[in-house]
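Notes follow the structure.
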Amino acid sequence: QEKTLTISVYAFAQDEYKKMLYDPFEAQCGCKLVVETGNSVERLAKMEANKANPVIDMAVISMADALQASRAGLIDAIDTAKLTNFDKLYDIAKDPNGDGMSVGYTFYATSIVYRTDKMQIDSWADLLKPEYVPHVAFPNITTNQGPPALFMLGEALGQNTPDLKAAIEAVAEKKDDIVTFYVKSSQLVQLMQQEEIWAAPIGRFSWAPFTKLDLPLGWATPKEGQTGGMNVMVLTKGTKNADLALQFMDYWLSTEVQTKLAEALVDSPANSEVVVPDEVADNITYGEETASSLKLIPSAVALDNRDGWLAEWNAKVGQ
Amino acid sequence: MSDASFLLLDGLTLAYGKTTAVEGLNLSIRRGELVALLGPSGCGKTTTMRAIAGLMPVKSGRIVLDGRDITRTPANRREVGLVFQSYALFPHLTVFENVAFGLRLKGMSGKPLEDKVLAAIASVGLSPFANRKTPELSGGQQQRVALARSMVMEPKVLMLDEPLSNLDARLRLEMRTELQRVQKESGVTMIFVTHDQIEALALADRIVVMRNGAIEQIGTPEDIYNRPESAFVADFVGFENIFALKDGQLVTPGGTVPIADAPADTAALAWRPRAVALGDGPFSGVVRSSSFAGSAREYLLDTPLGPIKAEADAAHPAHDLGDTVSFGLPAATAATLRRFG
Amino acid sequence: MSDASFLLLDGLTLAYGKTTAVEGLNLSIRRGELVALLGPSGCGKTTTMRAIAGLMPVKSGRIVLDGRDITRTPANRREVGLVFQSYALFPHLTVFENVAFGLRLKGMSGKPLEDKVLAAIASVGLSPFANRKTPELSGGQQQRVALARSMVMEPKVLMLDEPLSNLDARLRLEMRTELQRVQKESGVTMIFVTHDQIEALALADRIVVMRNGAIEQIGTPEDIYNRPESAFVADFVGFENIFALKDGQLVTPGGTVPIADAPADTAALAWRPRAVALGDGPFSGVVRSSSFAGSAREYLLDTPLGPIKAEADAAHPAHDLGDTVSFGLPAATAATLRRFG
Amino acid sequence: MMQKILAPLTLALVMLFLIGPFAIIVAASFSAGDTLAFPPQGFSLKWIAKVFTVESFRQSFAMSLFLAIGGTIAALILGIPASYAMARYRLPGAETVRFMVSLPIIVPGIIVGLALLRYFVIPIGLSITLALFLAHTALILPYAVRVVSASLANLRSDMEEAAVLLGASRLGAFFSVVLPNIRGGILSAFILGFVTSFNQVPVSLFLSGPGVRTLPIDMLGYMEIVFDPSVAALSSLLAFLSIGIVFLAERFLGFSRYV
Amino acid sequence: MFQNRAEAYALALPAAIFAAIVFLIPVGLLLSEGFRSAQGWTLSAFVDFFSQPLNQKVFLRTLKLGVMVTAAAAVIGYATAYAIVSLPPGAKGRMIGLVVLPLMISPVARTYAWIVILGRTGIVNQALMLVGLTDEPVRFLFTETAVFIGLLQLFLPLMIISLISALENLPKDAVPAARILGANWFQVFWKIILPLTREGLIVGGTLVFTGSLTAYITPAILGGSKVLMLETLLYQQVTVANNFVAASVIAFLLIVMSFSANILLRRIATARNRK
């Protein structure tokens, strides 16, 4: 009887993960991996639904979702002593929410991808310029990029409160002009290629496919800085495969795996021992310095305001 | 078991839910007889046959076949054959397989089966078609397959529901002859339904005229054709001019009319168009329409007795529309009816 | 415009795609005439009428009505009426609305419309049904609605496609009389299609017999019935025994047979069953089937000349199956045909 | 005359509208470019080839195939007797039965999926696969009943009576006479059910779990991650497969009579 | 007609019971959630739902698009179905095949095709600019227009097929009869064809309307979050907001809408027969 480990991950780059992570791990542990994919909200909802009878053993989700899951009692503390690679992590990744329930495995910057021949982006607020806004796709509030983008927009407008009111207001004013409030960043490549859009705030992990387009595209460095996020690993409460799950997490955090994933431009490494060539470093979010310069929304702020943001967004932008 | 009541329907009452279709029907059929059920649409002909076949529950009364009460015997054990108006052939099977169907269920197989089936097919002249699927046959051929399929089971009674009504005139005549031949050769007791009086007259040994779920008259074709007992039957077999008789007088829409030699014990008198003595008699009428009918010419007369249908040989000079013509209604050429209605 | 060619079909050729249905048809119809188109299924009767009505494009030839060439006039401006075999009533409308349909399109309304429609409905005896939906009527009533709907438009020509074929025998007779009356009263020029020779004989002033999209014979009912010109027509009007004549000899399946008094200039001779002299003549045959047909008895004889159909008065004593009977084929009672085929 | 020009023109435009997107999909399948675009950038078979290398497609294809075949068979097993009862028996409440089995057409699929998830999968622990199977069976049932009923209506009931009179039992008559003659209808129902189930999205939207998802959901998921023409290639392959099957069915069974 | 009742039930009930268990019970429970609260039965969820302008807007938009798609499908459907019915049998079969064809193609793919077609550089915009109807590319994507076009393409075949069968059942010769009685083509349509094919229109209409209400893929992809419809809103409520009460309110609305459309249309259809 083979052991089975069920994991829930983001749906992108599954081919690379399979090659660099899943297959080697299966070979190593002599167990079978079952992979479920989806976006983090979806998967969280399912964990909630299956609380009494967990299906998933471990999941990777966003920092804020990890905090929510922990508050909802869906996850267990991670015994970091069992993670041999734990000490190699950047400090910010070691316990992002400060509750011992999650470990970061990658982080990313969020900025703006844009057509360098059509526009110039110096500030987040440039997105809403009348001549640019009809060519902009903005992340929906429900995505992981939504709140950070609004957060930076608020910063640019000089009115950055945790409720994001000013930023939402500003977007709402232009909502008819904005091409779409995207939910899936993969679509943006198509829209960019069709010249449907010229610019969109995205996470660095979505950047690679754009570079393959035959278009003059750039990664903006706005004066307000870049924002971003961190994805973390969590352990489902009541799972019967905790040890195996920890073994898997440790493997994922190993220098070898993290390096491979970084070189394939899949995940930016959270392991500080990873060294990559320059052309790779240019395309990911690399290095302690970069990591600590990102203006992240603290998980607690995100979580406490999330309902408010959604309500505000739905009332102003949604309709 | 007397051959005289080989099949006995005894006080048969049949109903669909609350609608009674046949009520208290009594009928006795001899072995080997060819009986026609004749009657207008909805009079219960099909219903009666379905009850005999066991496809219709009997509400009250009995059905006795060859001395055995089969009132409650399931349809598949009655030894009764029924040829449906639609033939109800199995379209997915060949002629051979259609005919073999019942025999196979009886457990027959191999050479004996084949011989018997091929003989049956040959007897209806379809040997060249044995391996055709039935939808590829013409209407008349299909009918013969249905006939062979029932006959091969050697049923005690073979019933046919309007076997000819789907055929065109020419084929109909042909199939009539065919049916008669098969029945004479096999000696099977046969009941067939028709609403065509000519067909019943031409084919049957005995005719049962039905009306509203009951029997109106039973008799030989000559009886029915020449000696109808009621106005209903007379009307059905082509007596166009029918009048009640009261105290030796005809009761007409124009009042009562005395008539010579009126027979006693008679409720009504009926004349076919050709029995009306045209050009000779005490009455007169105006020609309202006239039509050429091949060997004869038919006239519709407006008369004090109401409309009268008369016929004259086509050789006679024709009367024109609007002409006044005299005519007689001789009691000698009339059919005498026991019931008016 | 001479009344003698009120409607003129001149070299009419009609085709469905590549299939030619009617070819080079010439026909001239007088004003007020009642013409029957008679012929087997598929001979082009319906196609011809549809062309006259404008429902079918004319491939070549002309249609002239009342002096006006209407070959290319759209159907809704032809002043031609057509009663379809299916009646083609509008099932969502009442009798009144069906009849009013065409008048409303002409812009008529209010009291004049109502009067005219009600009069038309009354003329076909349907006044009590004016507000019924048409599917709730019987076949005969529906047919009368269709008639009224066409008649009320006062068409120059009224055509009827097998108007009676959906009706049962009794209703058929009634409707026949009705049609004749309407035509006589209104004097409308009428063309009707039938494949029933009896109907054509009974109704028409003139009969046009069609065959394979062309005219085979035109004549009065008496002409057609008694003096068919070809074996085709003879067969169609009930001559069951037809033989080619060659050098004064009948050509039969059993070889040539000399015949007395054979007329010259004749391609074939034809006898009706009743024209066969039964019991008296040089030939003999075996009775293969016999059937009672009311006033007469019909026999099918197996003879050296092939099968012969003969008829004897029902009063005569009947011959039994298998009896040998002698018969004659007197030239005097035969129809003389100009064409064999 | 008007019809001569207008009718073909209407047909051409409507067909363009209906078939055009399909043409785009097919064209994109053979594109050499990395995104869906029309006209396609060059010609290659790489996307067609890629379809066969994506493991999740293989898994979800197997799942969809199982659901479509299994669900359709189950729906027919339930639906044929029900249709037969409604066609041949005096059945009080026949309308209620008809209504019940046709409900799945009226109720939005997403609601069914959600309801099953919430009341069967979560509390009872019913497996996702089984829930999907039940949902797809229910979804196909109305089509099965409709098509089979139509072919039963075209089949004269006196054929069964004839079989009984020749000595067959009721059940025997059904199998020897009725079933062979509604084969065409059953096959049509099968195809219709198969296609419906295979392309079904809303019902399956909530019913997915680790390693368990239907092909359309998987395609949707894939498109959300990678926007390349491999989904177009997959759709084309599937479409040609369905078209091939339907063409054969129409050819040999007159499938469109029942739709 | 067989009369054995037990047999009939034995045959019919499994299907009915299956539908009840797999369908009626869970869906009923789901719908009931919208009416339940800690205090018992209540309509407050509905009041809450409609008190949000977004929800009102989505509700009205769904209704509007449903009606528009149905109306457009009816108009186009008639023209197409009539043209197809008048074709000779062989060509007719092929045309019906072409109409049915889109139903065989995954709606996911069909919808994505529209992204290509309707884009700024897509065929439609290229054609429009070529003809000179517009200088600037028109924005179709993520608008109601795109959703409308996508839904129409998705459901038009259903309408065409129902109308084809209705037109084929048109009483034989009714159209030529009207022609002979003097009707022009327009009059033939209004006075004869439309009233006599109303049932087909109703069947098709119900299918198209219900389909448009309950489609998920098309509004999700072609409309996105700017053109939310009830179905996409429901999905969002469940997956993002985890709000099952709102979801069941939406479910209830959707079911009520499709049922009312169905019943309303059926009413109209039978009213004619009853009269």
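The chains carry the letters A, B, C, D and E, assigned in the order they are written, with residues numbered from 1 in each.
In this section, a contact is a pair of C-beta atoms (placed from the backbone, for glycine too) under 8 Å apart; a residue touches a chain by one contact, two chains touch by 3 or more.
Keep in mind that what you see is a predicted model, and the values were worked out from it rather than measured.
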Labels of chains that are neighbours to subunit A and to subunit D: E
Neighbouring chains shared between subunit A and subunit B, ordered by label: D
Averaged-CA centre spacing for the pair subunit E and subunit C, given as whole angstrom: 52
Subunit A and subunit C: spacing of chain centres that average the CA atoms, whole Å: 88
Subunit B and subunit E: spacing of chain centres that average the CA atoms, whole Å: 56
Residues of subunit A engaged with two or more neighbouring chains: 190, 194
Sites on subunit B at which at least two other chains make contact: none
Overlap residues in subunit E, where contacts from two or more other chains coincide: 3, 115-116, 122, 238
In contact (per the touch rule at the top): chain pairs: A-D, A-E, B-C, B-D, C-E, D-E
Contacting residues of subunit B [partner subunit D, same complex]: 17, 53-55, 75-78, 80-82, 84, 86, 88-92, 101-102, 105-106, 149-150, 153
Subunit D - residues contacting subunit B, complex: 90, 156, 158-159, 161-169, 172, 176-177, 180-181, 183
Footprint of subunit C on subunit E - complex, ascending: 88, 171-174, 176-184, 187, 191-192, 195-196, 272, 275
List of subunit C residues in touch with subunit B within their complex: 169, 176-177, 180-181, 184, 198, 201-203, 221-222, 225, 237-238, 274, 288-289, 291-295, 298, 300, 321
Subunit D - residues contacting subunit E, complex: 2-3, 6-8, 10-11, 14-15, 17-22, 24-25, 28, 36-38, 78-79, 81-82, 84-86, 88-92, 94, 96-97, 100-101, 103-112, 114-116, 118-120, 134-135, 137-138, 141, 145, 157, 170, 195, 198-199, 201-202, 205-206, 215-216, 219-220, 223, 231-232, 234-236, 238-239, 242-243, 246-247, 250, 256, 259
